[in-house]
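The data blocks that follow each hold one structure.
What follows is a pair of complexes built around chain A, which joins chain B in one and chain C in the other.
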Partner chain A sequence: MELDFCIRAEGIKKKFKNFRLDIPQLDIPKGYATALIGENGAGKTTLLNILTGIRLDYEGKLDYFGTYTDKDRESGKLKEQIGYTGPGNYYLPHWTIRQIEKISELLFDNFQKERFKQWCSELAVFSGEEIEWKKKVRELSDGTRMKLMLAGVLARDTKLLLLDEPASPLDPLMRDKLCSMIRDYILDGNGEKSVFFSTHNISDMENVTDYAIIMERGKIAEAGFVEDLKEKYLLIKGEREDIEAAGKILYSITTSPYGFEGICLADRMEQLSGMNVSVEVPSLFQISVAVMKENSRIQM
Partner chain B sequence: MRFAAKSYLAFTSFRYRLLMFLLVPTGAFAGTLAYGELLGSSLQQSGLLLFMFVWSYAETFSDYWLFSGIASAKTHGSEMLRTSERGMAMMRSGLIMDQVRRLVYMAAGTAVLIIAGQNGVPDFPEFLEFVLFYYTWTTGMVWISRFLSSYTGIRILTAYSAGMGVAGGVILTVINMGQEPGIAAIRAGIICVFALLAVLVSVCSVLHVMKRVKGGYYDSKN
Partner chain C sequence: MKILQNSGIPIYQQIADSFRGEILSGKYQQGEYLPSIRSLARDLRISVITTMKAYEQLEAEGLVTAVQGKGFCVNAQDSEMLREQHMRKVEDALMEAIQSAQIAGLTEQELEQTLHTLLQMKGE
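And now, the complex of A and B:
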């Protein structure tokens, strides 16, 4: 399958005091929803900030939509096409909703006031029917603030959404809504619109994830289409007597008094022959945890 | 210019506009006139100082509702501004227009008070001295307040700055009362120094805050 990419990154490096982001190659497919998964401190936010352009001190090359390079990243043409939400100081805390609307109008040519109001209403940003224009950002809960940011980016015509932890502050119902919003956004783009989001809520976001990138300690540990990953990794369940032998073959293993469960690379399946095991398709959550365990500094 | 004005207005909330564009100027002006009437004495001296005290206090304190410690280590600007090509231009325009508004309001208020206090004959050098001194002083204090993210910090700064501003005004008044032969030259010198300082503080405060806000793009927080 011939793939187009909305972002291609090469040799991205960023050094902090005790951390180093080092990504030789990163390709985010166009027309899909891509999840960025990793434990705390893996470098997800740093990577997203670099891609969004709110962090400019890094090494490496970036290419957006096959048209713009990192030299064009500060150009309006590129920035107009990217919508970003993040957990930091996206809006200043004392801004009112009215100010946010006015500032958005000034900052982005493609911001549509009516659409913003519609999204505020659809996402129930405010408790009543009416928009509370005088309400300040600091008076909103984390979840409502995220909904407001989503209303702000969805009120614009963009080709790419970069969302940093959009699901974390949201309730389960709103996470479901977020998934359908992402799906609709991608469908609406006819292969031209893409979403790249970081998440810890892998299970909740799995049904909308087409492509996954798993990061650990500043590096990409695994990347691929979810369907491909589910062929590459398999979920194995077995009896207690095989724990030791299976442990040497499996990618990751969890034991219990009754047996074991683990992830095995498909190409190592033959080595399990003779053991009494069942094979299942793993969830993205199970694959991600297995990959993270393999690369984490956390002692499991 | 239109973009600059729109940017500034976008940064101001309705409450801020109501307070700083209307209520504070009207209140300070009316209060000072009433004070002069009540005392029936030299309005241009103590009345002007009262006017400037209220003004300086309101300007420094109300910036909490305008840019709210925008250059503080905690805030470091807004990510939303950084996601647009026009974000930094908008920020700069907001900062500049705020200074222009402050200068115009202070100049207009002071002029009217001096005219009223001197029965329609303003002492132009005195007018310049007061406007330049208070504009420079207040702009400097507002500049500092933008590096403070805590409400308490800004309140303490505001109280000190307004008090010290009045002390500066008293010194100016004492100098102006002098009858010595060289006093005109001293006053001309003061005007030149304050004019220079006004330009310097205006330019530096915008550049410094912008540098700090842009610093959010990088590790080094300036």
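And now, the complex of A and C:
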């Protein structure tokens, strides 16, 4: 399958006191929705902050759309093409909605006031029909603030959305809407628009995820198209008497007094022959948990 | 098209099966394009890569051809070609059976006997 990238990262390194981000090579595919998955503290936000340019103290090379480097991020052209939402105070707490609109217009040539209003109403950012222009960001709930940021990002013509934990503060209905919005964005781009988002809500986002990157302890533990991962990893269930033998073969295993369940790499499946096991296609959630477990310091 | 989330059949397989049925029944004519992968993903509320995999399977079966920049175009479905495709499947399956038979140490005669027995059972 041909794989164009929207961002290519090479030799990205960032050292903290007790943590080291080390990514020799990473391609985020163009025209798809990519999920960044990993434990708390795995380095997801650090990576996103490096890609967005929020954090500038790192080593390594970044290539955007095969045209720009990280040096171009402040030059208008690249900035205009990227939309970002995050957990921090992207909009300052004391800003009013009117100020956000004005500031966005100043910051981005392609910010369209009408579209901002449309999105605010489509996402029901405000309880009434009208936009409450005098309302301050600090008066909004976390979920509403996220909706407002999404409206701000979608009011612009961009080619790439970098979303740090967009689903976390949202309710189930709005998460569903977020998935639709991502699909519409990808469809509208016809192969040119991409979305890269970090998430803990893997199950909620699975149906919109084309490519998954699983990070653990500052490194990329697994990356691939979800359909390929579902062929590489298989969900196995078996009986108690095979626990010990299966434990040596499976990638990850959970046992109970009644049997076991685990993930097996497809190329090791032959070694399970003779055991009474059932084989299922795992969900992205199940694959992610298995990969995370293998690389985690949490004792399960 | 109905997509079942927990049927045990992979979603891409369900999509491929559905389009295969429609192509073979003539609902899609030669030269017609399947819906674009991204619009199908949007409409079925699934990921793009899943629809892509479904179409790639149809392409591997020779039912459609990927046209650069335009999508997936339905091929002529003449019976000769379909027969050819099914023939290939039969050969693959038989080859697998032959390999298993060798592992099990079956003689050629025993293998042929097994095939005859199975054919008889199927016929009854």
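Here are a few things to note about the model shown:
FYI, the second predicted complex is superposed on the first by the 300 of 300 C-alpha atoms of A that agree within 3 Å, B and C clash if a C-alpha of one lies under 4 Å from a C-alpha of the other, contacts with A are read in each partner's own complex, and residues count from 1 in each chain.
Note that in this section a residue touches a chain if its C-beta (ideal position, glycine included) is under 8 Å from a C-beta of that chain, and two chains touch if they have at least 3 such contacts.
Owing to the predicted nature of the structure, the values given are computational and were not obtained by experimental measurement.
Of the two partner chains placed around the shared chain by superposition, neither chain B nor chain C is touched by A:240.
Of the two partner chains, chain B is the only one that A:86 touches; chain C does not reach it.
In the superposition on chain A, A:102 makes contact with chain B only, not with chain C.
In the superposition on chain A, contact of A:113 is made with neither chain B nor chain C.
After overlaying the two complexes on the shared chain, residue contacts for A:61 are found with neither chain B nor chain C. Of the two partner chains placed by superposition, A:268 touches none, neither chain B nor chain C. Ranking chain B and chain C by residues of chain A touched puts B first.
Legend: residue contacts after superposition of the two complexes on their common chain; A:180 is shown touching chain C, with no touch to chain B. The contact sets of chain A with chain B and with chain C never meet. Here chain B touches chain A in the complex through residues 3, 6-7, 9-15, 64-65, 68, 70, 75-87, 90, 216-219, going by the rule given at the top. Of all residues in chain C, only 8, 10, 12, 36, 38-39, 41-42, 45-50, 52-53, 56 touch chain A in the complex they form. On chain A, the positions that touch chain C within their shared complex are 1, 31-33, 179-180, 183-184, 186-187, 190-191, 206-211, 225-227, 230, 280-281. Contacts from chain A toward chain B in the complex involve residues 16, 52-57, 74-76, 79-80, 82, 84, 86, 88-96, 98-99, 102-104, 106-108, 134, 152.
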